[in-house]
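The two complexes that follow have chain A in common; it is paired with chain B in the first and with chain C in the second.
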Partner chain A sequence: MTDSTDNGTESADDQPTRTPPPAQPNYDNTFDAIVVGAGLAGSAAAITMANEDLDVLMIERGAYPGAKNVFGGVMYTPTIRDLVGMDGAPIERYVGQRRYAMLTEEDEIGATVNIGDWHEEPHNDSFTVLRGDFDEWLADQAVEAGATLITETTVTDLIRENGYIVGVETDRPEGALRAPIVVLAEGGNSLVSEGAGLKPAPDRKDVAVAVKEVIEFPGDSAQVIEDRFRLGDEDGAAYHYFGEGAAGKSFGGAFIYTNDDTVSVGLAYRIEDSITQGINPEKRLNEFKSHPAVAPLFKDARTVEYTAKTIPEGGAEAMPKLVHNGALLVGDTAGLVLNNGVHLEGTNMAVESGYHAGKAVVEAFNSIPATERTAGATAAGGQTARADGGMVIPSSHLQSYPDRLEESFVVKNLEHYEWLIHRVTEDKELLFEELPAALADAAAEYFAIDREPKQVHGARAKERVLGTLGGLRGLVKLGWRYRKIVR
Partner chain B sequence: MSTKSPSPGIVQNASLEDRLYTVKYEDPGESHLDVENPGICTTCHEDACVDVCPAKVWRKDADGTPTIAYENCLECGSCRFACPNENVIWTYPERGAGVTYKKG
Partner chain C sequence: MTDNWTVVVGIKQVPDEDDVTIDPDTGTLNRAEAAAILNPPDRNALEAALQLKDEVGAEVIAFTMGPPTATPVLELAVALGCDDAALISDMAFAGSDTWPTSLTLAYAAEYFDADVGIFGEETTDSSTGQVPPGIAAHLDWAQLTYVADLDPRPEDNQLLATRDVEGGHEVVAADLPVIVAVGYGDNDPRPAGLHRKLYAETEFEPMELDAEALGIDPDEVGLDASPTQVGGMDTADPVEREQEVVDSVEDLAAAMAEEGAV
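Now for the complex of A and B:
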């Protein structure tokens, strides 16, 4: 963190970094807001602010938005649809079919969910996408709304003056840029926010390591995918796997998502388990792909891209403070991911948080009369906090962001499922290892064809499951422990 | 219960080298990864950095000091969180260098 108070030397006025000249008035000849990271949360914040005529600069470290980004994945689009519509959005397939399956080392027990409504617009707002395309498109919407985007530029630090964040340092020559607001949308590997003391470094129990491959098939790859996954032209499949055959003896799971003519396959599990259980992600991915119930899906497949990323999994409890003097934390930077085994959702939360953060910034600006938006003015009134006399905005004026987020599905969902993550952690061995094995054995018994009466097999199957759970009493207890899952 | 794979070995998993070859990479010229204090690594028995890395960037020499093949790095950040001694120095490759994902 630099703390520069010498007048003007860090001014962005002479920076050559502003490709297309800003369309909006620029109160003190700098930007109103700087967004760190042109991912989902960053672009959503930029769109929201630019729509209200704020002068927004987005800074992205990749060669283009999406170049450094990885997810599963299914993009959940209710907020994007409201913000910019879905016309021209680079989607691969809509999700028409979900499968949840438990894998032991050799067996699979699963259920497929295929809902009629999902095949109708808006397709439950669930689409498989590739982030290289999607993030670039979303950032384009921000640029169209009037925001400025610079790429291949990494924010290295925040500039703080008199307790206010007043801009960013970048890795460009003379790369300091100033603005009254900095939106931190840098994803889960939050080097800038952590470095500036805006959030603590998360514990490795609260972060998952994830690896993924995009694969394709020889010949008509799309046709092979549609045949193998039983799909039509436009619908896609989202498969989630748990248990030892998916992520080993760890808290985690594996996934398969069908794109248009490629398939995304990967897995994620707690970093802590990688070390205590000695699981290497690349090796684990090979084992998952070679699982007898999974391997036939990937026969003859060729890897076209291999990627890795982390997922913040701390939930509501690990959420850092969301607003500071002059700064807001959004998306993965704020730890807004729901990953509990049943749900893996971060995209909708990133966009929703970016939207609410953007709204709060607009409100903060509107609360200051236009005539006062000049040198020396502060939203707090009174003292001049910035060395160059520019405007600053105290965290109290941004409070509507955490307030709105609390009221939205984002925090409500995180809080609602907090208990589930705790329970599943406590019951990890039972749920991920013992129960899948017992169910597989029980199913084998139940469906066994031999010369014993079915009743005998049925009794043994029941015994196998109840034995693992500690009898009927154990089953009732387990049901009670997880009763809120459907509430 | 034990049903063996009907067709073992039908999936040909690519080697790590081939996997990394699928990713566009621009060498930033110097390592964006380092350790704060190599001495800590020589007495570290956890080798969390080695275990967690999906790209075999980390290797420990006979004397316990780590060698970092930074040009393999996928910039996932896992080693930074994994190290129990907060010994990993982790920065981004400058000006967009490092990996560029086409699909992501």
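Now for the complex of A and C:
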């Protein structure tokens, strides 16, 4: 404080050049791009553009980036590591252990995967994080790169002139702001993009609802977690559960992720099922937490946070048009989430899409000669695209974004698993109800200790499973139907 | 009066109350780690000043006496619509209590040739409420306290104030120059406009004023010039109370009779 007060004293004299505030500051067309939402996709886009000297403004509705963001979650960081490195990133634990388990109403059959390599850097780029901390950190990296961030400001609409998106409207007084490019990174509940007609309102079969609790244990919560999940100081666990005991009679699953001294537990399933099957998310989550195979993990736990959120999960088919005249859609807004039971991934795709979108914008700016950067020159049909003569960028100049995304793991993964989602939907009862029950019965049979020979038990176990699948032929058919899962 | 009024607004940075904890070992308030915010009652002071700007075109200048780390409250003032803002900062001010604080702010009001000085009811960290009346006393200006609403009368060189009093309200008129303390929560503060917010957060640098600039003799301010002394702080441990649940009124009466309470 001593130093800073000293500075204050000196600078009274160093200030002849100070200009008093203008009566009406105006930032129309002073930023090259406006990013709506400082989540993962938004910050990744902002970092990419700011790194190439574009003037970027991020507009975030929360009190700080991440304040309201909900996810499981495991953050997948390959692209973030390339973009800004992971130094100082606020992570909770690296994922050293995964478990996939089927639950019937009473039984569990599962497998734990614990790979030696995951315990070494970069830890398979999988970390449990708290989004409130992580998103704020990532947005800070964008600010360090030169972007501007304003918070507590909600974008309410887009400004459109002659077929071009030319800026945003916000909830603040004199809240309109113009810029040549708007990147929509508003997450899955994309009211702005839908309201402006850049994407259709989602079909309810393409939307999952997720509920999540953060819980902690009395006493040394971190130690309790390490003991119960068999973890060290820094590694964490990611558990995924399917079957009736997890998400009830719906298409979905449940998850448990360990943070440093709290645990995230939740479930995600199709909104459609929540309506047609009458599932109450809160009740379903409590049922999952009290499943006999799960309850011991949560003994004495208390809930410190409860949240609910939607996840787009239409896959590659439900992906909206990604580029428009003057606008791009990224992350969950573009429907880029993989949620198929085995995978629940959106963070890596959000960052990857933000990165490619940012690159495309940079290329667009570089490809349009300064002299052509005004409305009259670029708008088709000779009409003036912008009343104020500001620069516009037609969607054709942004095409490299969808092209690159198509080539990246993002669309490849979505397409690859598209069929899986279809198959699983068709086979829902078999996979989520009948098969887990059969496997549990079979296991009970197989491991039964009584006075009958093991061979007899083995045969009955096999019969129980094959009976459910429709005999050996049924098993082969099922294997064929799902062969691509390991391809 | 022909030229427009100059209105100064005093604002202060305080620790966010929701964020302040008590260190259980030392019993002291842990303010350092709490987020620093604008003293909430000062929102109402700024709103009252900006209404004078809307109504009679007053020029509004916000100031704070504090370290340079207090600059964000000045940015907020400019974002909300103040024409300018000043940081009043000097080593000589360190340790000032309400007396030299009022004196310093009185000098600042004179420095800006203010017609009206508007302040909050009190701060949420020290909450003495002494600063605005202190300034009026130093300057020998009129003062209006617990003001709910202002009605400017430039033609009469007067400011009318509605004050909440028990059982109703009263309207008081004061000749300029005048010091006003606005009641906490008595008006509805406006949000910052988008472009002003952008300007304030990205480009604005406050004016900086030290003791010399204000014409203050360093001996008049600071710790040595402060008549109050903080003797010490104590935390009170909550007393464990016995608890007992009784099921009916009869049981309660019986229990009280047993204790000899009735």
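Just so it is clear, the second predicted complex is superposed on the first by the 442 of 487 C-alpha atoms of A that agree within 3 Å, B and C clash if a C-alpha of one lies under 4 Å from a C-alpha of the other, contacts with A are read in each partner's own complex, and residues count from 1 in each chain.
Definition applied: contacts are C-beta pairs under 8 Å (C-beta built on N, C-alpha and C of every residue); 3 or more make two chains touch, one makes a residue touch a chain.
Because the structure is a prediction, the values reported are computed rather than measured.
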{"item": "Which of chain B and chain C A:476 touches, first, second, both or neither", "value": "neither"}
{"item": "Touching partner for A:174 - first (chain B), second (chain C), both, neither", "value": "second"}
{"item": "If touched residues of chain A are counted for chain B and for chain C, the larger one", "value": "B"}
{"item": "Touching partner for A:214 - first (chain B), second (chain C), both, neither", "value": "first"}
{"item": "Contacts of A:148 with chain B and chain C, given as first, second, both or neither", "value": "second"}
{"item": "Chain A residues contacted in one complex by chain B, in the other by chain C", "value": "153, 171-172"}
{"item": "Interface residues, chain B side, partner chain A - complex", "value": "1-11, 13-14, 16, 18-20, 22-23, 46, 48, 51-56, 74-78, 80-82, 84, 86, 90-92, 94-96, 98-104"}
{"item": "Contacting residues of chain A [partner chain B, same complex]", "value": "61-63, 66-71, 104, 106-107, 130-133, 135, 151-154, 171-172, 188-189, 191, 201-202, 204, 207, 209-211, 213-214, 262, 271, 274-275, 278-282, 285-286, 289-290, 292, 295-296, 298-299, 301-310, 437, 440-441, 444"}
{"item": "Footprint of chain A on chain C - complex, ascending", "value": "67-69, 78, 83-84, 87, 89-91, 94, 190-205, 207-210, 212-213"}
{"item": "Residue ranges of chain A in contact with chain C within the complex", "value": "1-2, 4-9, 11-12, 15, 18, 20-27, 57, 148, 150, 153, 170-177"}
